[in-house]
Each structure stands twice: as structure tokens, then as C-alpha cells.
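Pasting the structures here.
You will see two complexes here that share chain A, one where it goes with chain B and one where it goes with chain C.
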Partner chain A sequence: MDISVCIGSSCHLRGSYDIIKGLEALIEQHGLQNQINLAAAFCLGNCTNGVTIKVNDRIVTGVSTENLPQVFKEHVLKALS
Partner chain B sequence: MRIFDTSVQELKYKVLREVATLAFEDRLSTGLLDIPKTIVPGPQATMRCCIYKERAIVEERIKLALGGDPENENVIEVLNIACDECPVSRFKVGEACRGCIAHRCVNVCPKGAISIHNQKAVIDDEKCVECGRCQSVCPYNAIIKSVRPCEQACKINAISMDENKKAKIDNDKCISCGACVYQCPFGAIMDKSYIVKAIQMLKDSDHNQKYHVYAVVAPSISSQFSYAKIGQVVSGIKALGFYSVVEVALGADMVAYKEAKELSEKGFLTSSCCPAFVEYIEKYFPDMKGDISHNYSPMAQIAVYIKRTDPDAKIVFIGPCTAKKKEISREKVKGIVDCVITFEELQALFDSRNVELSELPEETLDNASYFGRIFARSGGLADAVRQGLKEHGITDEAFEYKPISCDGIEQCKIALLKASKGVLPENFIEGMACQGGCIGGAGCLTHGPKDKNEVDKYGGQAREKGIKDAINILKFVK
Partner chain C sequence: MSSICMETGFVSLIKKGEELCGDRVATVNGEDCCTLVLADGLGSGVKANILSTLTAKIIATMMSNGLSVEECVSTIAQTLPVCKVRQIAYCTFTILQVSTNGDAYLVQFDNPAAILLRDGQSVDYDQTQKVICGKTIYESRFKVRVGDLFLLMSDGVIHAGVGEVLNFGWQRENVVEYAQEKYAPDISAKAMAAVICEACRDLYLNKPGDDTTVAALKVRRRQVVNLMIGPPADKRDDETMMQQFFSKGGKRIVCGGSTSQMVSRYLNKPIRCSIDYADPEIPPTAAIDGVDLVTEGVITIGKVLETARGFSSENDVSLRFQNKKDGASLISQLLFEEATDVNFFVGKAVNPSHQNPNLPININIKMELIQNLADCLSKMGKKVKVNFY
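Let's look at the complex of A and B:
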């Protein structure tokens, strides 16, 4: 599975780096390092609704450190199971 | 309000704007011939002897706006008919000559070029070797030295006069810094423009559906477009059809970090950000080529990262620099950055699409740290490398950092001369060909004294304060 996190200006200001670190921790916590390729992208085209991430081909907007565990569960863990 | 420093810039801009309008509307082939009349409606000439010459000059500008002479490898070209044949003889006797009895000028001249006629000194241009001794001995300061503005601007002597008294650029010497472009009072030297290429890229992307067109913006933008906020400029760039706007300053952060490491390992280094400075070393100090930092310039560095995440992307650099137009055809940078335009040209693009920056909402531009952003001014790079050393954990005991910031190509020359003789006390040369650094670039709209403060202010607004804070994210660019 490929997960990209937008690091364009808007998302950057909304904390993309924290989202990347959060995702890294969650991936490790669930032992999914071999199944998930986590990367940054310069713009995912949703500048007003950041932080935006892309899980395979699906765009997920409005990601924050608060809702990240929920987003991870819904869009990553479900898709993998 | 005044957008440009000079009317010459404005004239150049008008042509670019008209060409951009046609290019956006797919009317280049039919509309080009009308541009001279649009810009010079007549019937009175306002700049030259007649409207026909004015229009002929506009035609030459159109050629440059369309990319100029493809046979000429240089990005700076002389518009022959616009060159006004400024006086060539450099020393002239002025009104103040009293025809004195001492004749110090006659006596000091080593070539016997000065004689007295009707109680006035006269210089024989054929004999004069322009040593300037007569000027220094005249008690009335009557001898005037006049240098053509283009020659005066070109500190590396790449401009001379041809047999028709027109300016001629020696491509073997020229470093494409654009100083002459900005300084010629007749606008007779111009940088080739690639706006049509950029517009075509935007159009062919089919609204960024086929591929994404990124604008990478130089940090000197902070001193430009003073009539609007930077966030509005970002909105404006997107309104032109760009997919995203990214700060080149993030590339600068990375360059500073890598350059600090390279410097500590090699012990001596010259910077690689300014393409005109790099070319200057290659042409004038070839023995020092090995001392040039091996890093990409910030422009190329950020583009490498963007293309890694988006391989089909097209990247347009927007900045103050004419030499960057040449840099992208260098072997090392080929295919990384697809097009270069200047701030002047960006203004023309905005107006060709009726993009009113002051009416637009503010978008964000924030990728880099304070240090990446201050690259835009002289001294900024040296500060950033100092920070880079610190963040690498390289202490003063391990490596004593002694930078010299060379502001303008003349200072670069002095430092390089010393370094080539092994007598330069410093161990890092920050070389910027333009006065003040990039904020003095030839492609800037304005070149004001307060620009440096604007750069520092912009730097201070960065969310990330340290270099690593900014570049850590790049680890995830795979």
C-alpha cells in the first residue's frame, strides 16, 4: 500500500510533518513496515482542505493529529484486512 | 502605482504582455504583426526619431519575447537597431577647459594625443589609449570620462563596440548576469524570454490533467510585487494555471545543509547557487573548478525533489535571474527544470490574463526555514552554511568556518584572485554576481534599498526556524 502525505505549503502549515511522524508511529505499532510505503508529495491538489493524504488512489482530506488514529483505522487498516 | 524601476522595463514588459496574451489565446500567428502598432500607436514618436523606428524596435523585442535567436547560445542579446551608438570615445575635453598655460594634460599624455587648438585642449581619439592621466592632472576637472552604460555595467568586460559602434557581447566572456540589460538606458540589450514556452506547458497540461505544472519561486520574491501580499502572488500564479507553488528556499535549506558538510570535508569551497558566479569561475578561473560546491543550485535541488514525487511534472522557475535561463541547459541540470521566467515576465503574464493580485485571496507559501529564505540577499548563504555546520554538530574546534560574502561580481573577482594565489584568509566564498545578491537581479521588478529588510522579514515569518526543521520532511520524498 502507498500512502502519500501532502507537504505543500498549506498542508505544511497545518502540520504535515506531524502527520508523517504520526503515520510512521502507527505503521510501526501495527507492524506494517513491509506492507506500507510512506512518502511525501509536494501537492495533492486539495490546498484548502489539508492536511491531505493519499491512500493508494484515494484522497483523504482534513487529516489532523486528533483524527489520525481514526483515519488510519478507516482508510488503512480496513483496506489491508 | 509604479511597478517597475524604469520606463525601459515597462516597454519591455508591454511587449511581453502582448505576446503572452496572444499565446494564451492561441493567436500568436495572426496577432504578432499587430503588436508594434498597439504599443506605438503614433502619430507622434515618443522615444525615437520616428514611429517607424520605434515599431521596428518593438519587432525586435517581439523576437526576444519569443525566445530570441536559437543559434545564439547566450540568453542575453543586443537589439542592434535599438542600440543608440552612445559616444565611444571615453575621454573628452569639457566646457571647463580654460586653455591654461600649464598644459599639464599635454605634458602628461604618454601618447602625445593632446594638443591645444584655439586655447582649448583637444584629444585625438586615434592616439588616445584611455589611460586617464590627463583627467587626473587637470586642475579644472575639465576632462570628462564617459563610458557607455552597458560597458560600465559589465564588470567583466564582455561588452565592446563593433565597427558600427553597436554594443557587442562576447559570449566567451559573458556570464549572462543581465547587468547590462538592466542598465542600458535605451533597453537595447534584453534577455531572451521563454514565456511562450511556459504558457504552452500550461495549456498542454489540459488544466493539470495530463501532467502537473509546478511553479518554483525564488526567495527574492519577498522584495517584489510590493503592491500585493506574497499570498496573493501565490494565488495569482495559480490563477495562471499552475498546479502548485513551491518555495525554492526549501532547496536552499538542503543546499546549505549539504554545502556545510562538503566544506568541512574539503576545507575550502565556493558556492554553487549563483549560476553567473559559477560560470565566472569556469571561464576566468578554470583551475578553481574543483573548488565549486558539487551541490545543485537551490532551484535545481527543489526541482529534483518535486520530480521524484511527481515524475511527469513540468517545473517552471520564477525568479530574479537571467543567468538561470542559461543554467537549465547545463548538462547537470538538463531535464530537471523545464523553463525559467523572471519576475518581470511574471508581471506580464498576470496582466495578460487580467489577474489583479490585490483582489485575490491570500494563499500560503511555506516550505522553507528562515535560512533558506535569506539566500536571496548577500550574506544569507554564508549565514545559512554557518547554521548548517552547527546543525551537523561540527564545532568551531573541528572546523573553523571563515566565510567571505562577495556582493557583486567585482568582489567575487577579488576573492577568487586571492584564492587562486593561495592568499585568501577565508575558506568559503559566497559568490553573488548581482549587487545585493538575488534581490539585485536583472529580472527583478524593483531594486530598492529596503529590499534586504523585506527578505529578512520574510525569513522571520517561516514556520520552520532551523534548517533541519525544514529539510527533515525531505527524507520522505522517495
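Let's look at the complex of A and C:
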């Protein structure tokens, strides 16, 4: 599974760095290092909606440190199981 | 256009307790010839500042207009105000003129002898003595080579640490040794001046006992760096902007998410985005084959401008961006250190996402950033051109 986190200007200001660190921690916590390829991406074109990530081909917007565990569960863990 | 050019840079430390520097550097970097003057006024503070400013400016202006050193010296002798306490008008100076045909002309009056580093080693040069208006000056004429680095200094350099950490101060031979040690083929004039001034500041234990100035001139080949930021206001200009950007010789930097996607489409090469943050405040860089550096836009350039302001100021010895890997430091290294000529390609498209009032970025800020950065680079002696699309 490929996950990319937008690091464009707007998303950067809204906390891409924390989202990347958060995802790295979650991936390790669930022992998914071999199944997930985490990458950064330049602008994913959803700048007004908070940090945008792409899980395979699906765009998820408005990701924050608060909702990250929920987003991870819904879009990553569910898809993998 | 000539293939060699002169890069200059200087750093001054102000004597403790003073607000003005009594040393003054004046540079006139013309098409064919670069004139660098370092003047050190008698005493310190405002008097010394006036003396050295007059001296440096008069000499630089007259010499760069082709007048002789005799005329300069006699003008100064008749112009400088006489000090009431000491009953003399006194200001030491070093003049260095280097032409793009390789001729160097060095004139020295009472400053520590200028150092010439060739391939990193100090080399001696012949001097002829001459008396003008009662002042004994030393003239030298020789040919320069690409890579030659000249160091002009005020006596604050060789007095550094005197009576404190060193008995006799930091003598010229120690400065030569230190400069040879710190020399690297790609070190810039400003960085060399900063490195030496920083050593002086340490020897003075952060309290300079005298105004201390190092001015450096480096003979180097031209290096063009092109930087593109922002897509054009009109989509129909995309192709033109791309063609002009890629038709230029030199290195290429692309800044901004949409801009790099445009480049990626034009070159038909993917963007490989790094996930490693060298600095959490600055978005990671990316790579596209055919481009030397790809970074995010406004935040990174904002940082570059911040660094440029420090680097182009005369009292800053910090070289924060060196040896760092974040996008802003990488751009700084290319623009401040490597480039002699910088071309900006600035697209004026309005990014809809930046119109959000909660975000501290908008198109005006971007234009202002570029304009300010261009000004800083000109101040550093680069030839700068800004193209808008």
C-alpha cells in the first residue's frame, strides 16, 4: 500500500511534518513497515482542506493530529484487513 | 561578456561600546573592472567613520572612473577634516583594482599588507614605494588567475587579542596561516571574510578592542543559476516560460508544488519527493531529472530571504546555511556561494489555496519575497535579472 502525505506550502503550514511523524509511529506500532510505503508528495491539489494524504489512489483531506488515529483505522487498517 | 568576474564580500566588527564602525569598505563592480577600497579612519566612532567613509567613497569613485592614485590622494589630503585633538587628518587605505583582462593593481597605505592566496597558498608580490603628498604608499601590479583570493584588512585584525589572550596580537603571518587552513577552492569571498572576522572576534573575547574589517575579492568564472517559482498568470504562457527557463545555461532550481508539476509534465519526468525533513520548519526537497534542485515555494524562499538578509549584512559572521541539507539552505548555497549571475523566472498565477485569509501567504507576499531576495543578491554583487510571466 502506498501512502503519500502532501508537503505543499499550505499542508506544510497545517502540519504535514507531524502527520508524517504520526504515520511513521502508527505504521511501526502496527508492524506494517513491510506492507506500507510512506512517501511525501508535492501539492495534491486540495490545499484549502487541511493536510491532504493519498492512500493508494484515494485522497483523504483534512487530516490532523487529532483525527489521524481514526483516519489510519478507517483508510489503512480496514483496507489491509 | 567576459568569462571571469570578481566577487567581493566583507565583514566588519565594531569596536566595543561604539555604534559606528571606523572602517569602511567601498566597492564599484563595473563591467570591465572591479574596484575594492578598504579605509580605516583615525580613532573610532563617528570621527573615524566620517574619515573612512569619505576616503573609501572618494577613492572608489575616482579610481573606478580611471583617475590616478596621485589625484585620489591629493583630493583626500585636501578634503579630510583635521582632527582637533590630534591636529592631523589621517585615514589608512588599501585599494585593489582587478580588470576582467586579468590585470591587478594594488595600492597600500598603512594598512596591514593585503594577502593574496593562489591555490590556497599565500604568494608574495613585488611592491614599489612612492611618495604622494608626503604619504608613503606601496604600489603593485601583476596578473591574476582564476581562483585568486585577495584579503584586505584593517589593523583591528592583526591586533586581535593583544594584551588579552595573545601578547602581541594576531600577527599577519598567523592570519596568513589561518586563511590558508580555512581556504577551500569553492569558498566565497564573503565566507572567507566572515571566517577570519569570526576568529578575530573570538580572540577579542567578543569585545573587539578596535574596529576590525576584512574585505575579500575572489577572481572566478561566471556561474549562472536560474530559479523558477510559480506558474504564469496566463496558462498560454506556460510553454514560453518553460522554453526560456530551459534554454538558459547554468544550474536550475524549481520552487513550488504546482511549478514542479508543470516542469515534470514539460520534461516528461516524474517528481521524486523526499520524506526526510532536514529541518521540521522547511518542507523536504524533491528531484526531477534535468533540474538541479526542486523545493517547495513560498515557505522555503521566505527562509532563503531571511538567510540572505543576514549574509548580505556587513556585521554578520554567521554562515548558518553552510553544510545544511534543507531546501532553503541548499538554495542559499547555490545562490549566495556558487552563483555570479542569477535569473529569476517568476510566474504570477494566483494559487487559489493561498487566498485563504488564515494562511500567511498570498501572491503579493510572493512578489515581495522575490523582489527583496533579488535586492539582497544585487547587494552581494551578483548580476540579477527578474523575468515575470
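Methods note: the second predicted complex is superposed on the first by the 81 of 81 C-alpha atoms of A that agree within 3 Å, B and C clash if a C-alpha of one lies under 4 Å from a C-alpha of the other, contacts with A are read in each partner's own complex, and residues count from 1 in each chain.
Basically, a contact is a pair of C-beta atoms (placed from the backbone, for glycine too) under 8 Å apart; a residue touches a chain by one contact, two chains touch by 3 or more.
No experiment lies behind these values; they were computed from the predicted model shown.
**Q** Look at A:A39 in the shared chain and tell me whether it touches chain B only, chain C only, both, or neither; answer first, second, both or neither.
**A** The answer is both, since A:A39 touches chain B and chain C.
**Q** Determine, under the contact definition given at the top, whether A:Y17 touches first (chain B), second (chain C), both, or neither.
**A** Both partners, chain B and chain C.
**Q** Check whether A:G8 is in contact with chain B, with chain C, with both or with neither, and answer first, second, both or neither.
**A** Once the two structures are laid over each other on A, A:G8 reaches both partners.
**Q** On chain A, which stretch or stretches are contacted by chain B in one complex as well as by chain C in the other?
**A** Chain A residues touching both partners: 4-5, 7-10, 12-13, 16-17, 20, 38-43, 47.
**Q** Using the touch definition from the top, list the residues of chain B that touch chain A in their complex.
**A** 208, 212, 214, 234, 243-247, 305-306, 309-310, 363-367, 463, 472-474, 476-478
**Q** Across the complex, what residues on chain A touch chain C?
**A** Where chain A meets chain C, its residues are 4-5, 7-10, 12-13, 16-17, 20, 38-43, 47-48.
**Q** Quick check: in the complex, which residue numbers of chain A touch chain B?
**A** Those in contact with chain B are residues 4-5, 7-10, 12-13, 16-17, 20, 37-43, 45, 47.
**Q** In their shared complex, at which residues does chain C touch chain A?
**A** 256-258, 260-261, 271, 273-275, 277, 280, 283-284, 286, 296-299, 351-354, 356, 359-361
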